[in-house]
Amino acid sequence: MSTSQNTHEQTQFSKQADLTAKLVGLHVSKYNKNTIFLIILSVLSIIGLIGLIVKITNDGFDNPAKWGYYVTFVVFLLTTVQAAPMVAIAPFIAKGHWNRSISKVAQLFAPLGLINLLLFIPVLCVLPSLSDGRRTLWFFESLKMNAYMPHIITLISFICLVLLGIALLWISTVPDFAVLRENSKNTYNKKLFSILSNRWIGTSKQWFTQKHRIGILGAFYFMTLVILNFQISSDFAMSLIPGWIDSLYPATHTANSFQAGVATVIIAMYALRKWGGCKDFIGFDQFWALGKLMFALSLMWVWFFFSSFIIFWYGAKPTEKAIIELSMTGPYFIPFLGSAFLLFILPLLTMPFNRIRRSILGPTILAFFILIGSFLDRLRIYVPAYQLSDHPNKHNFYLPDVPKTILPDIPDLMIIVGGISAVILTYILLTKFIPVVSIWQQKELSLYKIHKKFHRTEVLVLGKPE
Amino acid sequence: MFNKRSVIGLFTDEDSVADALDKVSESGFKSTEYEILTGTPYPDGTFGDEEPKHKLYRFPIIGAMCGFIVGLLLTAGNQIAFPLITGGKPLLSIPPMLIIMYEGTMLGAILFTVFGIIFESRLPRLFMGAYDTKITEGYIGICITSSPDKMLQAEEVLKNSGAEEVKRGWE
Amino acid sequence: MQEHHHRTDKQINTDLLSSIFSTPKWWPIATLACLIVYLTGMTAFAYMLNKGVGVTGLNRPVFWGFYMVNFVFWIGISHAGIMISAILRLTQAEWRRPITRAAEVLTVFSLIAALQAAPLVHVGRPWRADLWVFPYDFSRGIWINVKSPFIWDPSAVMTYLTASSLFVFVCLIPDLAIIRDRTKGIVSKIYGFLALGWRGTPVQWKLQIVAGILLSALVLPVFVSVHSIVSWDFAAQIGPEAWHSTIFAPYFIIGAIHSGVSAVATVMVVMVWLFKWDKYITPDHLDAIGRLLIIVATAWFFFFFLEWVYALYTLEGPELAMRELQVFKMPWSAMFIIFVITAYLFPVPMWLFKKVRRNFLWMFITTISVNIGMWLERFLIIVPGLMRKQPLMFNWGSYTPSIVEILMVAMTFAWVLMGMLLFARVFPLIPLFDIKEGMVGRDEIKIGRAKVPASIRE
């Protein structure tokens, strides 16, 4: 078999230099100068903040039923924005190549967890202590646990997740900061990037440790995310609904968070491709790969959902019937229908077709609907959970009556709009300092990916280092 | 079928196969009259040939629809035909129907896919035509299938293209 | 993959068809031994048919014992083949090539073993089972009960068996043509008939490759449904303690993958030992499957943790009593300890060491250990769950398997072993064309003085 390795070696140097220049140029040419858009986002964020203040003032923390939509939104952010970095982590551990150009797009969501951490504080105030006699995983009565264990442990996990996310982003960007340090003309930027690059000069040892650090931090981020999903779904939802025992729900919650995380990254990819000048780096391959992953996660969601549903339907104990009515057929029938349609039926009807899957717009539109579906899926669980959190029958672990539907009030809507705006705004501001396409990962890819002639055709050759 | 004859030329090198294909084409044989035989799958276009076309993807969709309909009729029909209430469930219970309909859909899709693979590969093939067992040992064959009067020309082209061995066979 | 052995097509044919064209001395002995065990089990089965299920250890309230444990175990093992083959095909993992066929064949034989050990054998009058499985009783107007999990189960298992058998057959066609070309007379005619006249045209190859991916994508959802439905045989019931749990479907699936992938690793090691295919199945392959096993085992352990935690979460007396029985009362406690150690605590820390992952003997020991543990896991789910008084039962009881049951369990193991040995004598256990394709697509990228293994992607 003939090879073109010599040519490959000769062109490596110029390829790497060109890539560096192109990616630094992409970072410096500020696409985020659309000030009107930034001002609108800032105003909406402030409106959200006002909404939060109004909510605290008007409703206080004594009536959890009033906070159902707020909790839904916080959990929605956890399962979208904070799950998005997984798109960078899993393929990195699996040594994939296709994800290199979008790994930073995904990792940039990690620091946004800080906003969610702040939003989480009122949730902690709303959640009742364990002394109300509900069934919990903390076995409050038998183990004599602190009544605020869910609050304390979940907060610790939340903080860990945010810190791990920030550390992951920083560690994986250090070589890029070094490149920016060398290429900055502005003294302030040079100083900033010198600090951020942490004396990076690219020794073999530095590369070796850096890759291991990313792998370890990524693995810990994944584990913390799973644990947090477990804690949130059990302590902040399941235990508040008398009689609801669903051992699969934490896994369903986590699977949906991966699905929504992928959807979040796809939407960010679309925006960066369209308005961020990343067309050369974010292409069909990435949309295709993530589209397939999103579809697989949709199937996983429905499998988990059906696995829970069939047991409740078949068991048909009074409590099980009440739970089905509460979260599916009763007061939250429309959100349930919406979530089932958007999270499963729509992907099933569209994604098997290659023309939709292998396009830019197809996976993007679907990702948008999946995010809406995820919100509705959270809503049908968390809103009734907080309606029932002061239910008088919780000592009997049995749900005799299903409450009525409640709708969001104006402050809820303000918080939701403001929260989403704040997340987008912060993301855009972060891209001012951090290149959205990882320079070092692209350069490394150029070493392992070559196109070459194979007899009468051209093939792609992908190297896989040990 | 019976008024055709075939001849095969055996090669050991991919590039000479590609060159030979050019010569076969230049000497007037249509692309439907010759084909490459290999013992290994090669990337599309390795020999400068066109990418093979197929309609396999239609088969699982049709199969899935058939399987779904059979599953639906079977489950609904059984429940209606034998109206026995068990476990307090409705007579026409949809959740268990979904399970069997799902299996039916998948079974239909798989059966049709396998049928599609065999059909689209034009198998089973009763007459092997010109063939040599060395194909499965790494040799690459160019098989020309045409009218008996063109066989001499075909043999000539293959020999001139550097075929190590040329053999005739029935179609 | 660092170890590269370049082999020509002819060498590959010679190496990988050696199991067909020459008979090792051990083969007839091993096959005969399996046959004897199998026939002994069949005799026990015939005895049970004649005397009734009273000859087993099954009695109130434990009506499900070794047979169901074995059924779940073999269904679990059967998940390995398709899981390995389909997922690795879809992800274009290069290291899949030498192991897909053995994994797929293991699926088929395990499924048939599951059917032999299945609920069918202890319904008392198995010949009447068709009446409740197939809708054909026109004369009496009695139709199947779609609402019963025992209808879902056969529909899923039969779909899976059909799908995986066809999958094996389709992927076998090019290799059958190779054997056809190397044999003579009637034998060649039989292989030629099975090869359907395969010649190796570009369209045939294209469809073969597409078929591998398409069938993988179609079989995967079936594979997921099968063990989910098997788990619902248990979880749909509200009577027995610890069974009515929503997590059962994914928990059974991930457990099946854990035991199944381990079984594939065991088969890989045995293939190297028996057929000397060390140029094709290398320590790199074991390393890759070992790494996969760490992830699978840990995911399984997470689900095991969830299952346990939510059992305690119920705070219901009977459930807690059953868990107490599982963990603190002999002999269940001993079994529980052995199960946790053999299924997770021993193998997974071992696999963290590269030396262990790349060592054939250690991989054999650790993967066998997993399957001992996973068999016990099923036993601990089924039997203690039935032993306590339930809403639908009136007494407590225990379970001791009879010799008939033990022989029938041994029979299923002998069946799978015998099936694999017979298959290896007639068909290649390593897909030749897949190996050859890997050789064509193999490349190397030179970066400075380093040579990075690479592969061609279209």
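Letters are used for the chains, namely A, B and C, taken in the order the chains are written, and counting of residues starts over at 1 for each.
Just so we're on the same page, contacts are C-beta pairs under 8 Å (C-beta built on N, C-alpha and C of every residue); 3 or more make two chains touch, one makes a residue touch a chain.
On a predicted model such as this, the values are computed, not experimentally measured, just so you know.
Asker: For the chain pairs B-C and A-B, which is connected through the larger number of C-beta pairs in contact?
Answerer: B-C
Asker: Can you figure out the chain closest to the middle, judged by Cα centres?
Answerer: Measuring from the global C-alpha mean, the nearest chain centre belongs to C.
Asker: How far is the middle of chain A from the middle of chain C, if each middle is the mean of its Cα atoms, in Å?
Answerer: Taking the average C-alpha coordinate of chain A and of chain C, the gap between them is 35 Å.
Asker: Please compute the C-alpha centroid of chain A, do the same for chain B, then give the distance between them in whole Å.
Answerer: The separation of the two C-alpha centroids amounts to 44 Å.
Asker: Give, as an integer number of Å, the spacing between the C-alpha centres of chain C and chain B.
Answerer: The separation of the two C-alpha centroids amounts to 30 Å.
Asker: What are the residues of chain C that contact at least two other chains?
Answerer: 221, 456, 458
Asker: Two or more other chains in contact with one residue: find those residues in chain B.
Answerer: 43-44, 57, 87, 89, 99
Asker: What are the residues of chain A that contact at least two other chains?
Answerer: 310, 314, 454, 459 - these are the residues of chain A that touch more than one other chain.
Asker: In their complex, what parts of chain C are in touch with chain B?
Answerer: Against chain B, the touching part of chain C is residues 8-10, 13, 135, 141-148, 151-152, 155-156, 159, 162-163, 166, 169-170, 173, 177-178, 181-182, 196-211, 214-215, 218-219, 221-222, 225, 229, 433, 436-437, 439-441, 456, 458.
Asker: How about chain B: which of its residues touch chain A in the complex?
Answerer: That would be residues 14-15, 18, 43-48, 57, 87-89, 95, 98-99 of chain B.
Asker: Which chain C residues qualify as touching chain A in the complex?
Answerer: Going through chain C, the ones touching chain A are 1-2, 94, 221, 224, 228, 232, 235-236, 238, 244-250, 302-303, 306-307, 309-315, 443-448, 452-458.
Asker: Please output the residues of chain A touching chain B within their complex, sorted ascending.
Answerer: Where chain A meets chain B, its residues are 306, 309-310, 313-314, 316, 354, 454-457, 459.
Asker: Mind pulling up the chain B residues that touch chain C in the complex?
Answerer: Listed in rising order, the residues are 35-44, 49, 51-54, 56-57, 60, 74-75, 77-79, 81-82, 84, 86-87, 89, 93, 96-97, 99-100, 102-104, 106-107, 109-111, 113-114, 117-118, 120-129, 131, 133, 135-138, 143.
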